[in-house]
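There's a structure below that I have some questions on.
Order of writing sets the chain letters: A, B and C. Residues in each chain are counted from 1.
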Amino acid sequence: MLAQLLLVLWTLAKVLAITLPLVIAVAMFVYWERKVIGWMHVRMGPNQVGPLGLLQAFADVVKLLIKEIVVPTNANRFLFFLAPMLALVPALAAWAVIPFSDGLVLSNINAGVLYLLAMTSMGVYGIILAGWASNSRYALLGAMRSAAQMVSYELAMGLALVCVLVLAGSLNLSRIVEAQGGGLLHWFWLPLLPMAVIYFVSGTAETNRAPFDVAEGESEIVAGFHVEYSGSAFALFFLAEYANMILVAFLASILFFGGWLSPFPSTWGPIGQGSFFWLLTKAFLLAFLFLWFRASFPRYRYDQIMRLGWKVFIPIALVWVLVAGLLKYFHIVTPGA
Amino acid sequence: MSWNDVLTMLPELYLTGAICVLLLFDAFAGTRYRSAMHWLSMLALLVTALLVVSAQRAIPATAFSGMYVDDTLAQILKLFSILSVALVFVFSEPYLRMRKMAVGEFHTLTLFALLGIMLLVSAGNLVMIYLGLELLTLSSYALVALDRDSPRATEAAMKYFVLGALASGLLLYGMSMLYGATGTLSLPGIAATLPVTPHQSLAVFGLVFVIAGIAFKFGAAPFHMWLPDVYEGSPSAVTLFVASAPKLAAVGMALRLLDVGLHPLLPYWQDMLAVLAVASLVIGSLVAIVQSNLKRMLAYSTIGHMGFLFLGLSAGTSFGNAAAVFYAIAYVLMSTAAFGVILALARAGFEADRIDDLRGLNQRSPWFAGLMALAMFSLGGVPPLFGFWAKLLVLQSAIGAHMLWLAIVGAFAAIISLFYYLRVVKVMYFDKPAEDSALLVSSDASLRWVLSLNALALLALGVFQGPLLDWCLRGFGG
Amino acid sequence: MTIQLLAFYFFAFFAVLGALLVITLRNPVHAVLSLVLTFFSVACIWMLMQAEFLALVLIVVYVGAVMVLFLFVVMMLDIKVAAAREGFIRHLPVGIGVALIMLAEMVTLIGLRAMQVAPPPNPAAMHGESNVAWIGTALYTQYLLPFEVAAMILTVGIVAAVALTLRHRVGVRHQNASQQVAAVARDRVRLVSMPAERGDPGAQP
């Protein structure tokens, strides 16, 4: 009994060891986003709070936490408060199977990819319920758009994952990284190049980021599903969105860019060895793309989003599943050591 | 999977490919080539039938690890299903065109249903039974709702769908119990395990649900509630389909489940089928009398015919099974002929689906009145027509299985039902046509010729019923 | 009492609670959410039985997709709650009766016997494979044909959905993306070189 209690406590400690840095990473990522977009707009970005404005994000958090939460008239109170939690919990739970380095993973389960799909597909509830419970037209419209968009892009994303696991021969994320061993050219981005693109773009759409942010579409529906949220409830949505962005960046690095593996040959000493540092670098570069997209592209129209998802991505992904199968069958791509 | 598996189920594979091609053709060819859909579908049916015939083999073959069985029974049922679907296409083509319902989906969905039938009658496994059935019924729901602006068709489709889903649930529940009791999904495996399993009570319980599912698909009382509404509500072209090939599938399903899989439980299901048969015979023959809508009347007559079919099945002998298959074939050909006449008389805005609509048909078109009379007499079981021999055989098999009382009920039901069939004949021959009625037979040549052939076949097969009966008996090693 | 057993009772409690709430809650949206809770709890129970594939697929398919669409419909429809609940009390005895009969059946036919015999060994573990790999192998070898037939059923679903809902409305302006992409500047703009004209500024009135 005591041993089991200790096990539970130890697991809790591990969970905290992942979520706390994640929350801090979200804060720093928000700061980085504002800086980068500022530079791209030829502005300064935040530079007042703390050295170089580094504490800006924390100041924002404190501001949000001490603000009042306004509940709209006739809103469904229970669901109104449940929704932000439903958005955040899957976003955090998905991190349980992310391998940060060889063996450094909270739960090394066999069906890791499926678990990820399950968790990301549940995030949509937070958004739908937020939109519905707010008793606001804008919020409901935003929720509808976002839910339709997430359900649609999940298919292309799932098919991209199928390609990866066909080549890796496993659903376990650590196995998938190990299957990419052998250097830069053995990573799956090369045989699955269209899938890597589709995965990342679908990930952008899944997280409702620009240019797929019609769910928020401030020019038409003010702020979409979270228009009625304020204070810490809004902060939870914010946290969930950015945690999901970072998750997509991590996943893309793990699935297509060799995870913790080093791009250099192993004979090159320390920089040739796989480590958490490499995963972080790759994820950072990919996460930077999110910001780049946001500063560069105008927003898609809603029907264009649907067309891209259903008529472009899904057919390409279906064909590439076949290609991946052939690559595997003829041993053109073999899982590395 | 081996090359052999593929060759064994070549007809189904061909049909699948043909359906896909037709789907694409329909989507891309545009409205100008709508009539081509009809002829391409007929071509697909012809090739499928040829493939079925060419696969004649002395010993049954299995494919895909026992999922698929090809034997004489499957071939008989498949050939007649293909034939009846071809009749459906020919009879419904003018109807659909007149009603602006000539959408390609009618053909593709019907072919999908045919594929379901073919898989169902060849099933060697509970999973295949269920999936084949779902393929068939799902297509049927959509077909019934195909006239989507008609509230009656939509209502009929909803009823069909809800009750059908319930029946599928019951069937699946029963199958899960069978699996729990025997530990296998393969039908021969179940038959081998049942006598030795310690969980026989569980299997019997599953059997109850399986029988309920089968009875629903047949439309046997007391699971018949959907049938009259669906027959009446759907467009006549779809009614024609629902009333024909799916009955062959139901016989195939019942035989696969009961004769192949659950034969060790014969004493249990024999009584259940007997009860269903009596209920169907009584309801079918009594309620049909008061109907004024021809399609509805034919629906109740279907229920009665299903009662006869169950007479043959409940015997549990190979002769009874052959009689049931023979009966199903007879029923399908009779109902295509009857509904074919309705379709031939229907025009835009005039369904010809009330019995009164047929008043004085003899004066307008003696030939078609004769064909309809032939169909009605055959449905009623007047010798020497096809329907008579079918009834005779199932009654014989019931007597052979020492169920004399059942045979007596059947004979009485046959006599009562003769009454309402004769009423249609009387209306056609002895009533004056209504002043404003404009009974016109469709001018479509293929419809007229094929319908005549169909009705005359009832006579021909009645006189020369021997070869067909032998063939059916051969399906059961007789 | 192990953690597994505790977890089982926890999830089982919520599965049953969710199922009860589905039929008793007045608000249809709440009822759908309770159904989600039931599905999720059942998935967790399967997870405890090490059937991880089934558990995760249940969440991906039902919780993640089917119930979302269901929620859509429920939110869009203005369901008259009072009307929908009419007859609830009246039909309750019948419902309870059926439920009791089903319970009695399950207990007598399956439950008691299952307590006496040991559960069959996990076939995946016997083969030394993961649950997912084992299901995958079975699905693509022994059950290949049913798998493909299931695909045909889904195709029928698509065809039926399109046939029953697609209406070609006239006068709708569709964006033809491939036409737009295929456009070349040469077809749209013609650059002509012409001598610069130099008018006489003094000629203007």
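Please note the rule applied: a contact is a pair of C-beta atoms (placed from the backbone, for glycine too) under 8 Å apart; a residue touches a chain by one contact, two chains touch by 3 or more.
On a predicted model such as this, the values are computed, not experimentally measured, just so you know.
K.L.:
By mean C-alpha position, what chain is farthest away from chain C?
P.N.:
With centres defined by C-alpha atoms, farthest from chain C sits B.
K.L.:
For which chain is the distance between its Cα centroid and the global protein Cα centroid smallest?
P.N.:
Of all chains shown, the one whose C-alpha centroid lies nearest the global centroid is C.
K.L.:
Hey, how far is the Cα centre of chain A from the one of chain B, in Å?
P.N.:
Inter-chain centre distance comes to 53 Å.
K.L.:
Distance between chain A and chain C based on Cα centroids, please, to the nearest Å.
P.N.:
21
K.L.:
Counting in whole Å, what is the centre-to-centre distance of chain B and chain C, each centre being its mean C-alpha position?
P.N.:
34
K.L.:
Mind listing the chain C positions that touch chain B in their complex?
P.N.:
Checking each residue of chain C against chain B gives 105, 109-110, 113, 141-146, 149-150, 152-153, 155-157, 159-160, 162-164.
K.L.:
Quick check: in the complex, which residue numbers of chain B touch chain C?
P.N.:
Its residues touching chain C are 1, 9, 16, 23, 63-65, 67-68, 103, 105, 108-109, 112, 115, 119, 125, 127-128, 131-132, 134-135, 138-139, 141-142, 145-146, 148, 177, 180, 199, 201-202, 205.
K.L.:
In the complex, go through chain A and note every residue touching chain C.
P.N.:
Against chain C, chain A makes touches at 4, 7-8, 76, 79, 109-111, 114-115, 117-118, 121-122, 124-125, 128-129, 132, 140, 144, 147, 151, 154, 171, 303-304, 307.
K.L.:
Report the residues of chain C in contact with chain A in the complex, numbered from low to high.
P.N.:
Touch list, chain C to chain A: 2-3, 27, 29-30, 33, 36, 52-53, 56-57, 59-60, 63-65, 68-69, 71-72, 75, 130-132, 175, 177.
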